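The following block contains the structure, expressed as structure tokens.
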Amino acid sequence: MRTGIILFMLALVLGVFNHSVLRKEQTISTGRSILLDLAPRDPRSLIQGDYMQLRYRIAEQVSGDQLRDKGLLVLSTDSNRVAEFVRLDVGEPLAPGELRLIYRLRDGVRLGPDSFMFQEGQANTYAAARYGELKVDAAGQAVLIGLRDSSFNLLTPVPSKSSPE
Amino acid sequence: MFGPVLIVLTYMESHDPTARIPWIEALAREGLLSETAQDSARRHIRPASAWHAWAQNLLLMLGATLVLAGVVFFFAYNWQAMGRFLKFGVIQAAIVACILVSLRFRDHALSGNIMLMAACMLTGVLLAVFGQTYQTGADAYELFFAWALLITGWVAVSQFAACWFLWLILLQTGTVLYWVQVAEPLHHTPFETLCIGIASINLLGLIAREIGSVMGFAWLKARWHRALLLMTLLSALFIPTFAIILDIDDSSATRLAAAILWLIGSAGAGFVYRKLLPDMAALSLVVTNACLMLIVLLGRIAFDQVHNMEAFIFLLMAVIILGVVSLATFYLRRASRAMHAEQPERAP
Amino acid sequence: MKQSKLLANLVSEGVLDPDVRDRIVEQNRQPAESDPIGIKILAGIGGWFAALFLLPFIGMIADSMNSGIGWLVSGIVLLVLAILLRRKTQSTFPGQLALAFALAGHLAAVGGLVEGLSNRYEWVSAILAHAVVMGAVYPFFNSGIYRFIGALALGIMVTLWVIVELDAFPLIHALIAIETLTIGILMQERSRHPSLNPLFVAAVCMLPATLVFMDVTQMDSWWHSSFRGAIWPSSLIVAAGLVTLFVRIAGGWGSLRRPWLLAVVLAVILLGLFTTPGILVAIGLLGIGFADQDRLVSAIAFVFLPVFLVFYYYTLHVDLAYKSAVVTASGILLLALRWGLRQLQPAEGAS
């Protein structure tokens, strides 16, 4: 009995987890890539290591009474894939080039991922971040897949281990 | 930092018919035991086999703690060179291994429990790495709730206090974070509601613990859980009650509710741990908590009533404190003696 | 083992006279005169706050005289009153009053002494004044609470003095050596003089606390970035203390010839050197707590162990990858040691 419960829970934990991984991977592989303008602000979390807090410029442009706890924004992208805010989504069809992105209302509008975690000691590399690169699927779910600098280069960790100060 | 010490401390002393070394030392001090008799008594109480078992348990707990801490540190480093699927695979394999190994031990043996606990911890590591990989930073409360939820089944069958302890901490951390990240900014939920929420979690835990202990579950015999749950419960309600006394004009309905709950909780706990489940340490906690509140209340009244006599008012405060604390210690000493008389054979 | 069974064993071994045994049994019927710890804590908190509120009143009297002398004189008067009160009666209210008088009198006397001494060395004069007053009162004022608070305050003051004022990192190691030694010496002595017990408990609190202080200064948010240094001397000091403890438990230095004890000793030194000395302190205190069946000491150890691990996570010097490797390897070493220990017969173990 006890063994049964323990094994059943094991299957459940692994199942739930891998299902979540699958969903994220689907967003990454089928989603559309956009860049969001950043206003960066960096501490260490208890069990996840070093990270940088992100604030998206678009989030600062959105305001108004129509905002709900959780909803969709309509964005359009320019030739560099940098996204701009168009309007709040009220269900009408999208114009060509437009896409939807989920927002949540917290202390102001929050767009999906608001922090970027990186390998310890790489803070200097990511200090140059200017854009966050998101993969957005049709439902507006987004995964932050990387940071880019002002000339749109993807920031990658320096291979040599930089010494911690 | 000293809070937890005080809790564990409260169990230092209680009537104990089992021979203990402090008793031996006291006898030796009175000249009733010679040096050889003292050494011999020590060997009887702490034979080589006891040391052997102690060392084994200590090594097991420390070793397991360090290995787990090492695993946490490893993934917190957030290796870029290691692919995400490799990370997921390694941690999941470790969880499976822990569960399988724990099943190989006799039910509820310490080693098996520690492996189950390790699986619970690794589940948290797995979720943390998930968060790192997909940058799901937004709502950290989700991580703690998901973690608590996923391990609920293992915790429920574990019969291991440390597992429950972890589970309760996760639940409460999640609750606090939910209040900080969602409830307060979005719904302007008052702080008092959070306090009542935390108190409810601890109250449920405490009730479950007492029922289980009365039903005779051996793993619930240790009394540090009781003190910890009771202390968190009373402290959570203490803060809003304290706020009412300091600023009576600014008392919302929730704050008032919390204060009433504090009153009921203190009185109820006092009754339970004096009459139903006599426990000197728990009773002392309740009384100390009530004393603090009473002193603050009387102090507040004194400061309101007396003006322009600063030195006098401080003297008055000192007298109030001395009076309240003396009354409380007087009561506790009597209760302690009464408990002795009622149940002289109570084991610690 | 029940008390009666133990006494019977001692009698049959011939180390205890049967008459004495009967006296012990008779004495045991009376309830213990010592308060449960919960009452001690309540009384301590009450005495401390009452003392704080007494101070402004003393100040009024003191200011009517030359202020420094005034504080000193009123402090001494209060201390004498406290001692007399304590000698006269053991009942609740006077006892509580005596404690408040003693603490307030202590603070006033120390304040008066500091005022009278040079202003240039505030820390040193405060520590000296505190030590002098405590030294004078300790033997005469029979209250564990006063003795504990006094000794603990002394330890905290000296530690803060080293960290904040002197800003000399190596002195931390000296502090840790003194605290380790104090614990070692008092472990032997306190069973003979119960008045030393509060001092022992204070030392047991101060040793891990000093290490935590040290850890805090090593975090990157610490404001005094110059206060850095190698931690290994402390590790060695604490390891030496721990090894001495083990050997004592195992029954003398001759027992070092046993290979498993040598393995334990080596493991301890390695563990301390590579991780954090705090872990060694926790192990040592758990050992003392088990040997003397002192739950207070065990409780302090259990509380500090996770604190050390968390601080170790946040302190700099080395990155998480290194820490992870070292901590995991230490854990595996301990588990291996346990496996080795399991293979031995209990009879061969220490006593």
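Each chain carries a letter (A, B and C) given by its place in the written order, and its residues are counted from 1.
Here is the rule we use: a contact is a pair of C-beta atoms (placed from the backbone, for glycine too) under 8 Å apart; a residue touches a chain by one contact, two chains touch by 3 or more.
Computed from a predicted model, the values in this text were never measured in an experiment.
Visitor: Among the chains, which is located farthest from chain C on the basis of C-alpha centroids?
Guide: For chain C, the chain whose C-alpha mean is farthest off is A.
Visitor: By number of C-beta pairs in contact, which two chains lead?
Guide: The chain pair with the largest number of C-beta contacts is B-C.
Visitor: Distance-wise, how many Å sit between the C-alpha centres of chain A and chain B, to the nearest whole number?
Guide: Going by mean C-alpha positions, chain A sits 37 Å from chain B.
Visitor: Please tell me the distance, in whole Å, between the geometric centres of chain B and chain C computed from their C-alpha atoms.
Guide: Those two chain centres are 23 Å apart.
Visitor: Round to the nearest whole Å and give the separation of the Cα centres of chain A and chain C.
Guide: 50
Visitor: Among the residues of chain C, which are close enough to touch at least two other chains?
Guide: 319-321
Visitor: Would you pick out the residues of chain B that each touch at least 2 other chains?
Guide: In chain B, the residues touching two or more other chains are 76-77, 79.
Visitor: Among all residues of chain A, which ones touch two or more of the remaining chains?
Guide: Chain A, residues with two or more chain partners: 49, 120.
Visitor: Could you pull out which chain B residues touch chain A in their complex?
Guide: Touch residues, chain B against chain A: 72, 75-80, 88, 92, 95-96, 99, 102-103, 107, 116, 119, 123-128, 130-138, 140, 150-154, 156-157, 181-182, 185-186.
Visitor: Spell out the residues on chain C that touch chain B in their complex, using ranges where they run on.
Guide: Residue positions touching the partner: 1-3, 5-7, 9-10, 13, 15-16, 20, 23-24, 31-32, 34-39, 41-43, 45-47, 49-51, 53-57, 59-60, 92-93, 96-97, 100, 191-192, 194, 205, 212, 249, 264, 275, 279, 283, 286, 290-296, 298-300, 302-303, 305, 307, 309, 313, 319-321, 323-335, 337-338, 341-342, 344, 346-351.
Visitor: Under the stated contact criterion, what part of chain A meets chain C in this complex?
Guide: These residues of chain A touch chain C: 44, 49, 120-121, 161, 164-165.
Visitor: Which bits of chain B are touching chain C when the two form their complex?
Guide: Touching chain C: residues 1, 4-6, 8-15, 17-23, 25-29, 32-34, 36-37, 40-41, 43-49, 51-56, 58-60, 62-71, 73-74, 76-77, 79, 280-281, 283-285, 287-288, 291, 295, 310-312, 314-315, 317-318, 321-326, 328-330, 332-333, 336-337, 340 of chain B.
Visitor: Under the definition above, what is the set of chain A residues touching chain B in their complex?
Guide: Where chain A meets chain B, its residues are 2-3, 5-10, 12-14, 16-18, 20-21, 24, 45, 47-51, 69, 104-107, 110, 112-120, 122, 143-145, 156-157.
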